[in-house]
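So, here's a batch of structures to check.
Below, chain A partners chain B and then partners chain C, in two separate complexes.
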Partner chain A sequence: MNSVLSISNLSKTYASGFQALRNVDLEIRRGEIFALLGPNGAGKTTLISIVCGLVNASTGRVLVDGHDIVTDYRAARSMIGLVPQELTTDAFETVWATVSFTRALFGKKPDPEHIRNVLEGLSLWDKRDSRLITLSGGMKRRVMIAKALSHEPQILFLDEPTAGVDVELRRDMWDLVEGLRKTGVTIILTTHYIEEAEQMADRVGVIARGEIILVEEKIELMRKLGRKQLSLHLQKPLERIPQSLEHHHLELSADGMYLIYTYDTRAERTGITRLLGDLNEAGIRFRDLHTSQKSLEEIFVDLVRDRR
Partner chain B sequence: MTPLAVVAWQEFRNDLRNRWVLAATGLLAIFALALAFLGGAPAGTTGVGRIDLLVVSLASLSIFLIPLLALLLSYDSIVGEVERGTMLLLLAYPVSRAEIVAGKFLAHLGILLVAVTVGFGSAAAALAFTGDAPGTAEWAAFLRLCITSVALGASFLGLGYLASTMVTERATAAGLALGVWLLLVIVFDLVLLAALVAFGSDIPPAAVEAALMLNPADVFRLANLAVGGNVSEAAGMVGIGAELRLPASALNGVLALWAILPLAGAWLLFRRREV
Partner chain C sequence: MNLRAVAAIYGFEMARARRTLLQSIVSPVVSTSLYFVVFGAAIGSRITEIDGISYGAFIVPGLIMLMLLTQSISNAAFGIYFPKFTGTIYEVLSAPVSYLEIVLGYVGAAASKSIILGLIILATASLFVPLRIEHPLWMVFFLMLTAATFSLFGFIIGIWADGFEKLQLVPLLIVTPLTFLGGSFYSIDMLPPVWRTVSLFNPVVYLISGFRWSFYGVSDVNVVWSLAATGGFLVACLVIVARIFRTGYRLKT
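Up next, the complex of A and B:
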């Protein structure tokens, strides 16, 4: 595997005693889009903060394209662009000045052509002489991305890039990330939104309580997350599931009043129509039905529980 | 440009937009001009030059205004950026924390240099062009005042950064900076004076001298007004100057230490701080 980012045995315990990360091992492939999913407080931002040099790790090692983030921090950070969750800009600077300033901080020579390309790619060119204080939230977020791209990074961290943005901007952001992938930039994004990972990522990592509990190809994870349950409230209780229905892998509640059918929404066929037909043939009547899907957080909790 | 120079230049540009800094610089210039013309009146009767008198007046002005200006520049330079979130991004760049502190220090030093040059320079120029040309010794005293004023500012910049790295809120840093100003510029001398009045000759001169070294404002005062010449005479500090055992170079060294030590302390605290 051609890793551009290698994280090994990384742990972080804050002065308060809170352990934010526990022995995290993670390899990010060059050129991929990796989505790091996790509930609030899972350790996503701490992990990014350590890689970007904002927080010191308690133990472990991080290599960015072979450069240690502690002993060779200049080379390591030069390869990284960070778009933080918060919009942190100097209100009185112009778009052009703040993006150019960021490039200079990376020790890069001025390259107006590159800055122009970045601003044009983010639809910011017309706003280049505008002060940041006059821009909308969406535009400011684009400026943050422009700053992160000003020095031509190989890895781009997007920390909750669409948190609190409207649907239109979210779509724009997804298109933008897709465009960046085509230029060969490795993108690591953190998000709460499963549809965001679904839309953009090649691989997905799930972090909970400071532990990476799984790293999988997106397609496989989507299959797991796509499961729903159909619950049938029966008119009369059943003692056991009839043999004619066994192939549906149903579950019967303890009181015999509910039949539960688990199905995959992404499968070609869910099997619901056939199940209902078989129930009818078996003479089983139901008075009500409802479907449910686990929330992402519930799935995280289940995943953590499964691993213990 | 190196990252250090980029940080310094950016900070310098930001500070030029700071209205408090502009107001303090303007105030410095107005007071300096007023002192140049009004404070020069006794020159004819005392026999000392007008620039010498200007140095005495400006030294007293500097002790109040330069620390205030330095603390205004520095108190929120770390905690303010942390609070606004801009520090988070800055630390993600290939810039060391030492470069961030040093860059800010250089920028603020530059602002102080501009303020002193504009403020004191305009007063000196006004005097130079409206009367007899001042002598070399007068200009030397004036130059020493300018340099030590910037050094005084540098020591309070360091104290401001220390306040800025010790706390987690801008308001607390502002309170701390104000406390430092009050303590070192006003309270310290009053306490020392009270001790001298109360205990008089029981306090050995060496102890008084050592106590004065604990306050950069007093070191600045001694370095300008008690090192002999017409300025000491005009300031009425010839006697103190004669008793002073430390040479001028040592006073400059102590002032330099006052600039370096708080700055180093701020850097050490900032190095450990997690944003």
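Up next, the complex of A and C:
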């Protein structure tokens, strides 16, 4: 089976009547890093919470490696590690005890060697005997990650892993994610920063107002996001685009006063120099030019509109 | 069965009790001792024997029940309320743990603590008055049954409570009065007939009566009724807990 997580027709309406998820379909591939990208309130946490068993779905079905999260919850949950968005830890337990506790909850037999590796990987080894209440916020977050890794999950959920996190932890987190990927762990993270999705993920799903708007290879999405438009304000209106310029795939505005060229800022060649040369040769003169790039917000809006 | 998870929850809860040893053991022992001084020594010296038992000895089973009930409820209620309050409950809910296992861990720990406490109070009591236990096995059985039943009841309260006030409300406004009026310090035969009848609607009467029977062989109501009442309450709590988990009430949205 290629999908390690399969979500179909998932909807959630909270008791308040608010619909947080609308018919979500999503397939997560084994071993990939998937970023769920969306503004605050889009339904990211709700989606994760349903998969992990914290929230009941209203309708729909979720399979974790083929195990239904309701009827076969033991097998499904055994595979999952969760680092929730909110920082919640006990107070009086030691780091070692709380991480070992999670492993036991998942029914795994004690493995001090593994716990040690996890703690060392998160720079927590020195703190293993410290009570949680004495740790800083950043350290507590590390502990929550350690807990999620304590039972060797196949799938790791990181809900807004870098929100309010210091630079050092952010870097450690990326190292960790890279390291986990090498061992074949599937990672699903949520974020509302496009840079973060860009930096880490193999694929990106965009969610807004409870709907998955698109799921795309990161490279493809970045290409779309990296698009810019060059508008050339002509001195004289054109009736149609001359033959000699056809290969530039230009658009002509309705009044014939603007030529619009779309290009990829990330491409090796943007084609702008060639275009300007060709325009010159064709005798087309322009009085002004400007470039524009869509913001993430605009792209969200476009995507939502396109679906209507 | 995920026994490791049960053991982990149980161990976690017992560790919490060890950290708060003063609160969980010492304070009930001190207050029991005070009851003995006030009721047993001061008042008891002016009260004649009840059912042929010295007053000091007569109140021991009722006192143990009083502590057992209040401690079982507050221990279990707090045990589940607190992770709900801080949010750490997410861990248990997202783990491959069945509801039965969650209940066994939390309620088992609360009941264990109460039983230990009950035995400590019994030992304390024996320092003040000569004790006689006619049916020791039944005594232990009643102790365990009561601890389990009321820990389960406390667990339900802990899930239901959405604030610290509610957490205190039921023990304070319902359980403590019922226990005081349940014949801890008197035999309901000493009451006027009307109040005797009213008392029969108080479930705690059956508990204390049965427990006292296991000590002295005398009871206000037939011991079979005591067992039936406690057992009935246990079943009612089990049904409620099953419902809670089936619907995710106050645990899942």
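Throughout what follows, the second predicted complex is superposed on the first by the 244 of 308 C-alpha atoms of A that agree within 3 Å, B and C clash if a C-alpha of one lies under 4 Å from a C-alpha of the other, contacts with A are read in each partner's own complex, and residues count from 1 in each chain.
One rule holds in what follows: a contact is a pair of C-beta atoms (placed from the backbone, for glycine too) under 8 Å apart; a residue touches a chain by one contact, two chains touch by 3 or more.
Source: prediction; values computed, not measured.
Engineer: For the three-chain model obtained by superposing on chain A, do chain B and chain C clash or fit?
Structural biologist: These partners clash in the superposed model.
Engineer: After superposition on the shared chain, which partner residues are touched by A:Asp90: those of chain B (first), chain C (second), both, or neither?
Structural biologist: both
Engineer: Is A:Gly184 contacted by the first partner chain B, the second partner chain C, both or neither?
Structural biologist: neither
Engineer: By the touch definition at the top of the document, which applies to A:Lys147: first (chain B), second (chain C), both, or neither?
Structural biologist: After superposition on chain A, A:Lys147 lies in contact with both partners, chain B and chain C.
Engineer: Determine, under the contact definition given at the top, whether A:Gly283 touches first (chain B), second (chain C), both, or neither.
Structural biologist: In the superposed model, A:Gly283 contacts neither chain B nor chain C.
Engineer: Applying the touch criterion given at the start, work out whether A:Gly17 contacts chain B, chain C, both or neither, answering first, second, both or neither.
Structural biologist: After superposition on chain A, A:Gly17 lies in contact with neither partner.
Engineer: After superposition on the shared chain, which partner residues are touched by A:Lys108: those of chain B (first), chain C (second), both, or neither?
Structural biologist: A:Lys108 sits against chain C, while chain B stays out of touch.
Engineer: Going by the contact rule set out at the top, does A:Leu82 touch chain B (first), chain C (second), both, or neither?
Structural biologist: both
Engineer: Just to be sure I follow: which residues of chain A are touched by chain B in one complex and then by chain C in the other one?
Structural biologist: Looking at chain A, the two contact sets intersect at 14, 52-56, 73-75, 77-78, 80, 82, 84, 86, 88-90, 92, 101-102, 104-107, 147.
Engineer: If you look only at chain A, which of its residues touch chain C in the complex?
Structural biologist: Touch list, chain A to chain C: 14-15, 52-56, 73-78, 80, 82, 84, 86, 88-93, 97, 101-102, 104-109, 147.
Engineer: In the complex, go through chain C and note every residue touching chain A.
Structural biologist: My answer: residues 2-5, 7-9, 12, 15-16, 19, 86-88, 90-98, 248, 252-253.
Engineer: Could you please specify the touching residues of chain B with respect to chain A in the complex?
Structural biologist: So the residues of chain B touching chain A come out as 1-3, 6-7, 10, 14, 17, 84-86, 88-96, 274-275.
Engineer: Chain B touches which residues of chain A in the complex?
Structural biologist: Contact set of chain A toward chain B: 14, 52-56, 73-75, 77-78, 80, 82, 84, 86-90, 92, 101-102, 104-107, 147.
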